[in-house]
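Please read the structure below before turning to the comments.
Should a chain be cited, it is by its letter among A, B, C, D, E and F, assigned in written order, with residues numbered from 1 in that chain.
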């Protein structure tokens, strides 16, 4: 679907991500459906007098995949489909190249490689011992989920692999900054703990595995995610893993690591009950904030529909971004 | 000491709470010492040429108790002592009525009775079962500490038993409010959990046992208290206790209880990462805030040294309090 | 109307609360009407080509009551009526059980009983004398209005009797808290005035009688309500009543009572020019805030249309509320 | 006193504005006294072994006037006096030019003339009728107090006549702005009420007569000033005066006038429960704020003891002010 | 167009200010067009099956003027036109009274007169010399633009001449206030610079000539306007002009003038990196803020469509404005 | 001086950084002097009856260097000197190793090397052309000042070379981050300008050369620094340099560079009138903020005099920093 130009007709596979019952002004029911593939969402109405109305009502199931032939059009109401033919995906379609992954937006980077990269950062930046065991252990334990997790429920890095992409960037930044400061100011007392900064960067958002639940239509908050939040839940995961270690982690290292997680959003109104009180926490905070804001700017530049030298202000940053060209 | 009027001389027992080395303007060393009993602090200098200067330097030990004969005077520099005689407390002094408790500011209420009252509230407000077991179990497990704990490191309920006094008031308030709302609006869906409100009130500050360490000169923050804070530490204690229960607590009840603790200060800038999102959390927040502010007003009315219809504004509330009489 | 299930047809009495002239996209006029009974509002269009169009335009009058036969349907645009028959209420309908009260949302509690309860609190909590005379006098003087007044113009306790329901709860809470603190800390100087707390709780919102005007379609602000506000107007009412007393109220008691009203919202941005500077004002503030927030949570739990473990955030509290069940 | 250069000796009259008992570091009592004349305050110690110690302790009375011969010196502790001779003022001193006014800081402008100017503004800007009667009536009724009142208890327009000086400026500004806008936009609906702007400017701070009490050592807040505040107290005075008028003021005019007073500080955190909602209130707010800030800047430029192109930041504006010269 | 009552038909000249392609719910394209004359905007759809659909699509050009015969109607969707006849303006129409100015909203004041008034203020308030040369020079250099410039891109003084109207008011206010304070406090050190206040008032918004670009459909921000802003751009213009002066401006005067521009919005969140630190800057800030807010109130009173004693709150001030009449 | 332990006597060179006239409580004048070398400040009194009193008064000159023999003691009033011998530095002292630099706190890094490093970053990160010419040109033009400049007037990187140390770190960070993002997201539109990020990082604080003036006792703000500020002054320097370029810089590149400077502090309350609206500005902001905060934490850990697991809160970050060890 994402390869079609406006006005072009074609065959493609897509996920039925949403199907809502609506009512016209004169009281007639209709459906609003959303088809999705890796790079595009199409939401449009199926009117009650349309040929597909009955099939839509009775047979289309949210979360299932469909083979579709349709005319794609870009309109003032967003991208639309005029569906010519539609049927559920069949086993034989895999031979034609269908896979569920092709119907979900996902990171531009290979998730296996990003995962391997994260493990590599842990092995470069943390000496062998309980801290590395804990860090790599948590990654391995949750490998399956991490390979698919989004970084958030919206703001468009709500894509599969978004978690790994963000955490990999943050970890690389934090490792670079920590190494640099350790070299520049070797006599700081107590010394900067490069290993804690690296472990903290890798694990800073680990609580999102408990805060969110991933469904066909995207991530959503669990009950505990709502009432407790990923900062506290991530610290729980670290403490639980630390309690399982054969060779125990010394208390101060664990405390420094917990503190990186607790303080990584810096301000109480952003969710951190404590500000960064250690150099490691400071570095992870900046690495995280910088990557989050950079991704937002990237998304805004890609998505903003307005014209002119700057984008609109109704976006996740709440401000205009410069496009250049003037 | 607290019974002496200004200008009166007498014998009394007192704790040496602080002893600091100072330097006069012309470079001569002297000591600033603080003697304390249950209701009064006296801080004053021992000049290097005073008769007691050598004894003070060589023999007086912070945290030990002394029998003192002194003239007590109230001055512009605060209450002062002209010490006539002083010696460490001896075993025989107990026959004269000495006990360490008499030298520490402490709650006006009997701590054993307050503890018993807290257990009684738990037994009235929570049906038999895992939630009551957890709540009463945590009280019993920490009974020794709870009997002496202050509610905070300053603001003058930094007295022994201050923790119990505050928590008992909060629990009574919360129990009253919860019962009342349960009666008034019995069809709220889901219903208000009176038992969770009571357990949450009793345990809302339990993390202070890990956040603080109590020393002769008062409470001070532990490292983890500084970097993590009592809200998260109190939730840890509840989760650890829940994991030990023979009959397990159901997940939703535990989540509601954790949420009461996490949200009891309501605003992120006051330390709560989440606002109250359940009726129980709302009730405990108000009960806690009301008692904390009432205690502050009580203390300000008792301590403010200024005259006139209102107190000064340099106090823990940052505002004037009305004294009446005009 | 409130007893009909979606898809059911029935006869009922209802108030025509609003009738607005609208225009379709192609320029044809139509009406948007709102029928209301005690527990439900239905707003829907009467198109210009509908059978009832002429009657609606020419005969339906806002503020009048109608007997209606209609099919009730719940739709994505909210609850709707397909009206089969409609005529103004006739005197004979009272024999059938019609009364104007049945067509207005109102408190679940009997207003006469709530009023009596308020008077009882005044008589329990305030000794005989000018303060009780003033308090009970203001209640009696405005009895007729108080029995029907809403607590606010929106947020859904905009129902008849909402004022009494809120003030009764606040007064009970404040009386309980004041009694408890008076017992706990009898030597506070000056002592807590339980009577002032009770009188202040009962009268804290009395200015709403001047701030609002009640119309068939709900409460609306008067000019003085907009430019001056109920806090100042309520204090005016108390001062005017005090000036009429035969046995005069002493100056300090009046000042303390005025101050409770002036400071009951605590923060300047919530409308209070002064923070609570007396123990009585502090108690009334907490009792008021607790009940207001509890009512909001109750309403949100009852009204929020979303699904899942928490409600949405677009509500009067600006946050999600936990529903449980997960 | 104010005419003496540092190091100069002379005779002068002065008010004893304060006398505080203090204690030296070694516990000896002494007095800290403040002598004041129209343009200078001198605060300095009278040590217990000084020749004047006994006279000071036994005979000097706060609020009385003295004839003093002293050496005046400017020091790092501020201006000081070495008193050679001192005696209470005698009736005969008036022949020598003594008057109590010469010993109090006061406005540079003649208070009688400022008062007359205020009345003149009222008569120019308000047509004959109840609004003018009310405005001029309030001025005349409080003439004696107004002639001596300060504008505030500190910030250095705490001088006699400060109230009149500030209100006169505000009223002139407001009258100018109101006339100008009335001319520029004659068709505004409803029209700007120049008379209300003028009356509101003249009376905007009238509540300070109830908020403050003036003593020899300056203004201080009354109990009601603390608990209620001049904004509400000023509105009371206007409403009381309006109730006394023979020819009544129409309701809307009174409401507009009350609103000017209620909203003149614009923001709730500055004490106004409502923002300016009428053009008259807007104009008076700006006239008031502009004069208050201008006076602060004037005072800072006159008083700041630092050197360099800008003043320090520890002043009532909380910012540096440019001195020029660089 | 602006002279037609609702339901009246007439001939008039109008500008086609906007033409947007839209799509109906069932996917049919249509146009939304805006016709504008000096006092009215009409935005309405041209459906695809309307008689004018083809002409609209193929021939109507944004920014061109048309002679129109139409029926004007005020509806719930705003003012609408039923166009009977329409053709582009022809040269001969000028004989009939057409001029482009009549089709743009513009100030009620003659722009040439306002410009002359500004120059006059400069000549009254600034002595002959480099400061006057600079000020009048900048006005003359940009005369053509200034005569047409709006004061902002929205908030309805987005009309031609809005810039001059606002700046003229600000300059008159600032000149009055500066003269008054110079007379009242002649001994302020350093003295108030009336000439700098006047020059600063005249030039405070001059950067808007670089921040905005004016198009037929209104003002819009340039790239540099977005990224740098008019405060910095206006200071650039003053510095560039100062560098061109034959007789140079002394450094302190230039610095004071730059500072007036830099600080005129007072608060950093309103765009001023520095608060007013000179008396001139303070005066210009108040004159500017007062006129901006007054204009907003004037516009709200003119435009708000609601009924009742106060306007709605969804306006540029974010608050209700009193209409009176109750 | 910095090498002496408390109680040790030695010979050293030091700068007389301050000399203030003070007055004792009984009115005797004395001096408070500050001697400084590269790593230590000693401030202490010279009493009027001390042997050095006359020499101090008559001969010691602020800003001159002295050879001192003294006993160094650390006291509760801070480090003190008992001066045994003192004389001004003589030419011959240079043979003994004296140089003025040894008496000023300065960066631990060699300033020539840091300067060369900055030029190297410019040459690596910016292709040959006008942007590199402008950047390197500004560095070379101000080389002499840059080698000595502090980064700020206080917060302890008020040392010579502090400017270069901070800007070098920021530039390295920004170059790293920009390269990394350019590789990761090569198809961003418009692409990230690595060269603009590097030039912006190098020049972001260049305005400090105009904002500050460096004196023997440290940096202080110029008049224009106070009234305009380094953000605007730095942009001026870039624009002036751009106007001098032989091969002109294209407009968009200049605008992007100016914007990096204007927005580098991100929030208006920190001095930036615009937030970062380009990816380059975002990166420079984070690099700058991270280094500033890291330096503050480093300084706090080095300087805080308190004991225990965390530092005090009265520091430039306004929070405690963890020391570890518990």
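Before moving on, here are some points about what is shown:
Convention: a residue touches a chain if its C-beta (ideal position, glycine included) is under 8 Å from a C-beta of that chain, and two chains touch if they have at least 3 such contacts.
For clarity, every value in this text was computed on a predicted model and none was experimentally measured.
Contact with both subunit D and subunit F is made by B, E.
Path length between subunit D and subunit E in the chain contact graph, taken as the least number of steps between touching chains: 1. A rotation of 180° superposes the C-alpha trace of subunit C on that of subunit D, rounded to the nearest 5. Most remote chain with respect to subunit A, judged by CA-atom centres, is D. Among the pairs A-B and C-E, the greater number of C-beta contacts is found at A-B. For the pair subunit A and subunit C, the distance between mean C-alpha positions equals 45 Å.
Centre to centre, using the average C-alpha position, subunit C and subunit F are separated by 62 Å. For subunit A, the set of residues that touch two or more other chains comprises 223, 226-227, 252, 256, 259, 277-278, 310, 320, 322, 324, 326. Contact between chains, per the stated criterion, is found for A-B, A-C, A-E, A-F, B-C, B-D, B-F, C-D, C-E, D-E, D-F, E-F.
On subunit F, the positions that touch subunit A within their shared complex are 169, 172-173, 176-177, 180-181, 184-185, 188-190, 252, 256, 259, 275, 277-279, 282-283, 286, 289-290, 293-294, 297-298, 301-302, 310, 319-326. Remark: subunit B residues 223-224, 226-229, 231-232, 235-236, 239, 252, 255-256, 258-259, 262-263, 267-274, 277-278 touch subunit A in the complex.
Contacts from subunit A toward subunit E in the complex involve residues 45, 47, 73, 75-77, 80, 308-310, 320, 322, 324, 326.
Across the complex, subunit E is touched by residues 21-23, 25-27, 220-223, 226-227 of subunit C.
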